[in-house]
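Take this structure, written in structure tokens, and hold onto it; I'll ask about it next.
Note that the chains take the letters A, B and C in the order they are written out, and that residue 1 is the start of every chain.
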């Protein structure tokens, strides 16, 4: 083990980790409820996942295998930095493979691969309060949660339909957890909302700047809000992934040149690689191979 | 049938606090009754308290002493001491008032102003309007004015709207405060006719008429209000 | 005519430290009745309105409300959840400044629809239809349904606030100087509208105003307040035509005749 990991495992001091674990336990006990916690300064700026990092640091053990994704990818700056951070301060094993990971820290996406019991998904959350859009007073939003006054959430959806003809909210789409608390699932695309419902994995949410932790325990009811005549729908894509040919997955647009050339590929890089390794090929890959 | 209106030993004075609390007695010991189908006209020189008596009967002047008993839906109500909501209820179903001046309500048409008291008693709007139209044409109010708010009408036109509004219901007691003051001979005759119809239906009417011709035509009895002068009562 | 009062106010006082807000106020309000509370600034009328509408806790005294289940409830002892539910379903509150009662950054339709969504209405089409209907009733063009109140004139904002409050068919509405900041011609229109709605819906209302003409036009009964106390009350036209108390006589004689 290197010095940093032995000096103080996973960067945070033990008292802080205990404080955060208590907040996590409370959050698990009250699914969807935002538990305040004494968020610490982390060696990275707010907006880089300080909430998620603190949660991960508090639940991480030496035997864990960590995966970090940003927009579904393991190889973007944020993901690489956080992964390197934990290698340095906890000396844990890291992976890019969803199946092998015990803890997955994420920003924006839930992996395409179905998560299973024993896995924990840690979300980095910028603004945890779903009611903030229309109600700026924290005292009032807390009261609204306490009294289950959620009419305002539908005002937001109403405005969406009035303006766009359909519910145009595509990410941070509000959900109701276990029939009680309305929760903001962080800036994940609404495409991923159904994956939260009855998930086998534990889902933890950390908001560092806003100092809130909330959770969805395994096998919990998670319902996206909607209207009877405008039911919740996820995005669908016209074409399969250009590289692995996968359908029913979330795709990112990649610009290929300055002449309007573009392709749509899996946002979940591990899932895409996995499929290609198994011999699936999208039209771009097939063309490339044909050219070789 | 009970006597619709019995007034017993009513007294009224004003205390003018803005003029060092000067107390000005208006009337005292006012006692009379009005039978169904009877029209009693209040007489006497001006300033003797005729209008004040009408206003006490309607409830917009308070009463210092005495009783004003009305037969309201078979129950006896003392208007002198009744709760505001009872007074309103009596006004709605038992007691009508045709004042000298129309209190203009912004934006409401003449026809609807006339129809309103009927509507307030539960008559469907169309039926109430039909009845209102009937009365307004009887009173010769030009048809083109019916749909307009009466704010800009002449005095005589406003008064006819007011009369129609007062006569549209079948209140058992009707108070008339110079309803013919600004009317021409033709319309005065219409009002006399309307009063005769009310009497025939058994309404108890009590009014102030300065026009002798009208007064003689409608009065069954003239009550000299000078008799209730507080100085006289004190003497 | 309902035989039981909707609101029973018994000996309500409110002190701000040693300063009197209002004291020893008692009255009953029945369904369909409009009560005007008049008096000059600082007379305690707004404090009283706040005590009645649970926006302030009275220092002493009891305010009871006749719930839809037929029971009387002491408002001060009601749980917050139930009280807030009552306020957004069975009650309305019209503020003098529409910005205090509206959400200025959401559309007129959503402003009207919010109470419906709050009580569980989940059909967009129905909510929008009801909102359109209410905009029409308060004389706002249905083509403005998707505009924010920021783009509305003062009079329109006030009418929108009224629609927002009445959409759940409340039985009791509190109004704090509803015509306060409006031009005279706009006032007349609003008064007429309120008068019609109160009449058509059989609402009970408590209206705080310093304008006796507003009281005359809208209310059945009146309470005159001075230095925190009710000094005279009764039928509105009785109080205005035959004022008894020195202060009421002063108020009535101060009206400008046009």
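One rule holds in what follows: contacts are C-beta pairs under 8 Å (C-beta built on N, C-alpha and C of every residue); 3 or more make two chains touch, one makes a residue touch a chain.
Treat the numbers as computed from the prediction; the structure is a model and nothing was measured.
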* To do: Return the chain label for which the distance between chain Cα mean and whole-protein Cα mean is smallest.
  => C
* Taking each chain's C-alpha mean as its centre, the one farthest from subunit C -> A
* **Rounded Å distance, subunit B centre to subunit C centre (Cα mean)** => 32
* List the centre-to-centre spacing of subunit A and subunit C in whole Å, with centres computed as mean CA coordinates. => 47
* CA centre of subunit A versus CA centre of subunit B: separation in Å? -> 78
* Complex contacts: residues of subunit B adjacent to subunit C -> 14-18, 21, 55, 59-62, 84-85, 87-89, 105-108
* subunit B contact footprint on subunit C (complex, rising order) -> 1, 30, 33, 188-189, 191-192, 195, 217, 220-221, 234-235, 237-238, 241-242, 244-246, 249-250, 253
* In their shared complex, at which residues does subunit A touch subunit C? -> 134, 143, 147-149, 151-152, 154-155, 158-159, 161-163, 226-230
* **subunit A-facing residues of subunit C, complex** => 80-81, 84, 103, 105-107, 109-110, 113-115, 117-119, 122-125, 127-128, 145-146
